[in-house]
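To start, the structure itself, in structure tokens.
Labels run A, B, C, D, E and F following the written order; every chain starts at residue 1.
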Amino acid sequence: MKYLEDFQNPELAGGLLADIRATVTRPWALMEVCGGQTHTIIRHGIDQLLPKEVELIHGPGCPVCVTPLEVIDRALAIAARPGVVFCSFGDMLRVPGTDRDLFRVRGEGGDVRVVYSPLDALRIARENPDREVVFFGIGFETTAPPNAMAVVQAKKQGVRNFSMLVSHVRVPPAIEAIMNSPDCRVQGFLAAGHVCSVMGTAEYPALAERHRVPIVVTGFEPLDILEGIRRTVRQLERGEHTVENAYARAVRPEGNPAALAVLEDVFEVTDRSWRGIGVIPRSGWQLSPRYREFDAEQRFDVAGIRTREPEQCRAGEVLQGLLKPDQCEAFGTTCTPRTPLGATMVSSEGACAAYYLYRRLSTPGVPREASPVG
Amino acid sequence: MCLAVPGRVMEIMERDGARMAVVDFGGVVKDVCLEYLPDLEVGEYAIVHVGFALQRLDEESARRTLDLFAELGLLQEEFGDPWEAAAGGPMKEELQ
Amino acid sequence: MPSEAPSGAPDFFGWSCPVPLRDHPRVVMGHGGGGAMSAELVENVFAPAFGGRVLAQLGDSAVLELGGARLAFSTDSYVVRPLFFPGGSIGDLAVNGTVNDLAMSGARAAYLSCGFILEEGVETAVVDRVARALGAAARVAGVEVATGDTKVVEAGHGDGIYLNTAGIGLVPAGVDIRPQRAVPGDVVIVSGEIGLHGVAIMSVREGLEFGVEIQSDCAALGGLVEAMLAVTPDLHVLRDPTRGGLAAALNEIASAAGVGVTVSERAIPVPPQVANACAILGLDPMYVANEGKLVAFVPREHADAVLAAMWAHPLGARAAVIGECVTAHPGMVVARTPFGGTRVVDLPLGEQLPRIC
Amino acid sequence: MPSEAPSGAPDFFGWSCPVPLRDHPRVVMGHGGGGAMSAELVENVFAPAFGGRVLAQLGDSAVLELGGARLAFSTDSYVVRPLFFPGGSIGDLAVNGTVNDLAMSGARAAYLSCGFILEEGVETAVVDRVARALGAAARVAGVEVATGDTKVVEAGHGDGIYLNTAGIGLVPAGVDIRPQRAVPGDVVIVSGEIGLHGVAIMSVREGLEFGVEIQSDCAALGGLVEAMLAVTPDLHVLRDPTRGGLAAALNEIASAAGVGVTVSERAIPVPPQVANACAILGLDPMYVANEGKLVAFVPREHADAVLAAMWAHPLGARAAVIGECVTAHPGMVVARTPFGGTRVVDLPLGEQLPRIC
Amino acid sequence: MKYLEDFQNPELAGGLLADIRATVTRPWALMEVCGGQTHTIIRHGIDQLLPKEVELIHGPGCPVCVTPLEVIDRALAIAARPGVVFCSFGDMLRVPGTDRDLFRVRGEGGDVRVVYSPLDALRIARENPDREVVFFGIGFETTAPPNAMAVVQAKKQGVRNFSMLVSHVRVPPAIEAIMNSPDCRVQGFLAAGHVCSVMGTAEYPALAERHRVPIVVTGFEPLDILEGIRRTVRQLERGEHTVENAYARAVRPEGNPAALAVLEDVFEVTDRSWRGIGVIPRSGWQLSPRYREFDAEQRFDVAGIRTREPEQCRAGEVLQGLLKPDQCEAFGTTCTPRTPLGATMVSSEGACAAYYLYRRLSTPGVPREASPVG
Amino acid sequence: MCLAVPGRVMEIMERDGARMAVVDFGGVVKDVCLEYLPDLEVGEYAIVHVGFALQRLDEESARRTLDLFAELGLLQEEFGDPWEAAAGGPMKEELQ
């Protein structure tokens, strides 16, 4: 489609690559924050085209990967209740909780439905007044406004059987936390373009300044990624650390004011635990008191569920770029995409899952996951 | 994260008290909520995520970016073919 | 299927009943997705239970000897929702799906059986429409519905209509087409644009509705295969990339023959609407189902002639060479991206779901 | 099936689509009961839609020519609940039901296809048990499961497991067994005690549970039929009285051949527990399903020898002559009661239900 | 089974038939009141064995046949409601209401279940506290005590989601009504043995005396029927009209006192309409005020449903022995077992259904209802 | 109407506050409510309808009735074979 294919055109990649190659003089470690960007990089093999000096570290920008285990377990507990219709984006169905996933809950009789939009969950609630309909409200700042709107509409329409299990996270505190990590190797960031479409770029200059790190707002298509890399490398080579917008067609400095107003109304900032990383202060949103009645955690009294990550899993270090997945002992043995220990092995853009595929490619001895279907 | 794609507004209407649009994504047409871009007009492009238009797409800016990429392409000749230099996967030949 | 896992590596094939699916005490949707989980069910439950020499071939259809004739025999159940979709219906699928599985052994389908499982309460007019679609598709495919059965299940069970067809057809002399025959050097051809069926179905699926000007590619491939066999009986592999799409079909072949498969993404015909629908939903067209396409592994020396014969047939007009069979990375499928990078095209795990990220 | 209604009489066969089932805008359970309503569905919906020359035979299985061989081909879906019952399981049924339909054409089953429709959430251990029962039954019946398919439907649809099998087998030379061949004078033989399967199933059906020391008669009849064919290839009709029981089987034959059938109730072997269970529930054993019995129409001159051969086979040890084929009351089945009265044994309408009166 | 087969033994029929034949001197019209007796007669061909002087008229003793159309329509209305589980004996599922039957309602999504006993319906209610479970309480005095017990237990156990749609009828008022009909041809009655097992025989002497008609309490097996006929014919030939008990093994004069006490508590006598016949005074039971809370008619407010029988249907005259079914114009044309106009064409022991089968036998030109199944 | 059959009490118990019995109907065993025949004992026969025992079966009376039928059979010889005289159905021959 227009403005999508244009930025997937391999004919135009040559100039960008050439410019990067011409610019780079020494090794740089960049982090693409967003899982969508990771997906593009792997899907198109972008990393294989870059000069060896440019290393890409996959960031924690995938809600599937970072939704904390205890929130997953709460989701599973709610979804398993009779009388509940549990609605979720498709991504979350295979994410393992402590002992099962949403697929398994559905197999055991839970009414779990995949929706495309939070408004679909609201419609299901209107159509099933005798059921409690719970929407799994996960995601970054891009998904938060749509989810917030579902709650606003539920209130406006008086849909009392609708509620949301909220686990929204915010990108800037995560960048801050990564940079504060003593082992941090990241020297430049490709910021998540769609997050910035909503939030604008006001939060970044202070970050860039404080950590003396270039931050380039980057889109999601292959050429966008290359342009983000090109601009970051150029800053690094020049010793600069400013905020640049390489995704100007969709990002304005002020973001989307209408969305920001609704976020302000519906949510309030809270500390949030990131799966495999730990608690990051002020890194999440929860429903504000004005909308607390739609909070599924309260309605179903699951707030008490506390869990621990499997000790073997080192996804936190992986997500922070401190460890390569194949340096994890569980990798490829007890932890595979079929039996993931950490969320980074689940998501198609998770760093561990990506490495698993590649190691299999370079190491033919590793067994296939399965064999032909009859 | 945050799969969002540009689409073109074809039609605007009201449903369940919300501003909605029919949006064309290159031959694929879907209903989209306009509550966050209430002044979006028919013919304009917007970035759409999970059924919501989240930001107007600036066509002029898009064009400028693509022009820049094309310009950079001209530099390519000075520095040689980057395909050659790429790390390369296990497959060397291009098919067909 | 014997296990070939090196010692020390996890042994996925050594499980034993009564806990065959280590991690799945209950069936989940993924077991029907045509990917890795479906394969595990066959591998760990059905194959050991049935112990058939023929079933072990694990192809689209079994080839067997009976009364001096060489027959292809295949079955599929059809549980598609909705029952009618752009470009077809469950009735069309039930004919074409089974006819195509026979065609993938080189056989021209001769007779079909047809089992209806009706849900109490389904409108008889709907049953009638499905039956007529099935009959019409059979006539187009040149196959006769020879025997049938009807069961009714209580309202709330079933799902309107489930259908099963089984088909038999004659395999011409000298034809031996099966996944195991793929060899390095084979040229990989796909018969046309991919993803049409899956996207057409998704466009009318409850909660996902979108408008798209495409139709399911649902069609019977017997004629196309005959045209290809007229060039040479020595086609190595044919496969219809249905559930799990092209990715599943290629992986199954790579795995069955122990060969590597490489494809060029640029060469794979993906209609723009399919690409765009996939972009919106976060899907990869290579994993989306087709119902009127085949993928062929053809000896290099016959590839041009086979391709020409396909182009001359209406169902192969957009056929294209998309890759080849290699000795590298045995059992794996690797795609070269338009940017010149490579990626592994894995066997899908279960069903594909719309993603947000 | 051409209509033969005299003018002035109601014309049940002259309906036309799109309102084929005059009185049934929706499918009801009776359409699957193996009785009159099932027949109407075939008559008015499936036969016109498929238009097959072979389907029009309307027998248990179709006999067809392929590659010079004469094959019997049949299919059935299995939706029984519970999945396991005294004397068998859905897996046994799926083998024996289809093997028997082939045997009713005189064919020895050679290959089966097998389609599983699994409901999300069914325990994999249950799937495994069913698969193993199916495999074991196939080995006993001497038939090979040659090809299969698995689909998974969402929880709340389906019913744990639905199964479909289709079977193919060779029809020996000189054998031509089908309902149309019944002629007046034929002796009617039943191979053993009736009603066991139906009563065994009812005894474990939810809400009806009762204790009874019988088991389903579920068995493969290929061997018995071979023993009968060894006496003479000129058996006229074989039929397995499954859904709708002996009453449905006899009516179908009477109707297909345009002959009358008379039976002596006293001669029909009904085990006392079957009689008593039927007495409690208000059912007639002649309408209760069997899964390991056959009814044979045999030329009078061969009847004694065929009966002797049946007695010599374990599955025919209690075979008995129960009636004969007559010219009177064509298309109807009439029973002589033990009191010397007569009654019409009608084609059942839909499913049998427990009565209170 | 013992005491069942014994009375089905054809070897013992000869003496009974011989005695009837020896006794009878002129035509007599007897009515077997109960549909179960009709069933036995047809099932075993008893009528074909009798001397031509003995004519059997099939009485209205089949609850399937006489449940009024408006009650069926109320049942259909209740069964079609979402949230209702409608439980019924199997007999009632195919009885046509004005425009459909319970099978059709189930096909259209109603939750209609066949139960063997009213206690099964009560169990279903206990197991589904969030559904309204309604039991279709039809039948004569034999079925009334079991149904009454379900209501008693529901009250005792506090099962508030259970209710009963009551359409119980009583035999003696029907006999009275038949005898009061100006065209009545019935000269003797085989009274319904199982009804008398519960009710005893106290109600019959007055009836026999008033109408000068012999009444013989008769069982349900072939020999029981023959014995009932034998005793009735003997009385008629002798000019007697007393009440005899030919089913002494199961009927005591006082009936079942425990059951009578519960009937007295749970029900109260009411006028009731009999399908095809009309209102018979005091011929039915309804729930007494003590159990009115379990009355489905009240709970679902369907009492207002009033209907009219199809005008063509003359089942009323058939049920009273005034008309042979094949004298009805609709018989065999617009009315067949597949498309019944009246309940007597539905029930397997209904007079019209029975005639339909026999006319087909004697008239081979009448088409089959269907043809072979594939 | 009123399908009721005789069965023999094998076992008596209490369930959900009601008196229940396991009753044998010639090899078929079912649970039956005894609330209406509370003094029925193991070994006795009763007439059972829709899961309820409704009346004790008097075995002595049953035997007397059967004896009467047998006696009547002796009369038969005086009046000839009633089978011969029966109206008869369409089938004349008896099979086997």
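Keep in mind that, in the parts below, a residue touches a chain if its C-beta (ideal position, glycine included) is under 8 Å from a C-beta of that chain, and two chains touch if they have at least 3 such contacts.
Just so we're on the same page, UniProt names per chain: A, E = Hydrogenase formation protein HypD; B, F = HypC/HybG/HupF family hydrogenase formation chaperone; C, D = Hydrogenase expression/formation protein HypE.
Bear in mind the structure is a predicted one, so any value in this text is a computation, not a measurement.
Trainee: Please report the minimal path length, in steps, between chain A and chain E on the chain touch graph.
Mentor: The fewest steps needed to get from chain A to chain E is 2.
Trainee: Top contact pair of chains, counted by C-beta pairs?
Mentor: C-D
Trainee: Relative to chain E, which chain's C-alpha centre is the most remote?
Mentor: B
Trainee: Measure off the straight-line distance from the CA centroid of chain A to the CA centroid of chain D, and report it in whole Å.
Mentor: Chain A and chain D have C-alpha centres separated by 58 Å.
Trainee: Distance-wise, how many Å sit between the C-alpha centres of chain A and chain F, to the nearest whole number?
Mentor: Distance between chain centres, rounded to whole Å: 75 Å.
Trainee: Measuring from the mean C-alpha position of chain D to the mean C-alpha position of chain E, what distance in angstrom results?
Mentor: Averaging C-alpha atoms per chain gives centres 33 Å apart.
Trainee: In chain F, what residues contact two or more other chains?
Mentor: Only 1-3, 5, 25-28, 49-50, 83, 86, 88-90 qualify.
Trainee: Mark out which residues of chain D touch at least two other chains, giving numbers and ranges.
Mentor: Chain D, residues with two or more chain partners: 24, 26-30, 38, 42, 46, 55, 120-121, 147-150, 154, 156, 272, 276, 279, 282, 329, 334, 340-343, 355-357.
Trainee: Two or more other chains touching the same residue: where does that happen in chain A?
Mentor: Answer for chain A, listing residues that touch two or more other chains: 1, 4, 13, 35-36, 45, 47-49, 62-64, 89, 106-108, 116, 120, 139, 143, 361, 374.
Trainee: Touching pairs of chains, which are they?
Mentor: By the stated definition, chains touch in these pairs: A-B, A-C, A-D, B-C, C-D, C-E, D-E, D-F, E-F.
Trainee: If we count contacts the way the header does, which residues on chain C are in touch with chain B in the complex?
Mentor: 210-214, 262-264, 267, 272-273, 275-277, 279-280, 282, 320-324, 326, 328-329, 334, 336, 340-343, 355-357
Trainee: Which residues of chain D touch chain C in their complex?
Mentor: 17-21, 24-33, 38, 41-42, 45-46, 49-55, 61-62, 64, 66-71, 73-79, 110-111, 113-125, 127-128, 131-132, 134-135, 138-139, 144-154, 156-159, 162, 164, 166, 168, 170
Trainee: In the complex formed with chain A, which residues of chain D make contact?
Mentor: Counting only chain D, the residues touching chain A are 120-121, 147-150, 154-156.
Trainee: Inside the complex, what are the residues of chain F that reach chain E?
Mentor: 1-8, 16-18, 25-28, 33, 35-38, 45, 47, 49-52, 54-55, 57-59, 61-62, 64-66, 69-76, 78-83, 85-90
Trainee: Looking at the complex, which residues from chain E come into contact with chain F?
Mentor: Against chain F, chain E makes touches at 1-7, 11-12, 14-19, 21-22, 34-36, 45, 47-52, 61-64, 89, 116-120, 139-140, 142-143, 145-146, 149, 153, 156-157, 192, 194-195, 197-198, 220, 223, 227, 248-252, 256, 258-259, 262, 361-362.
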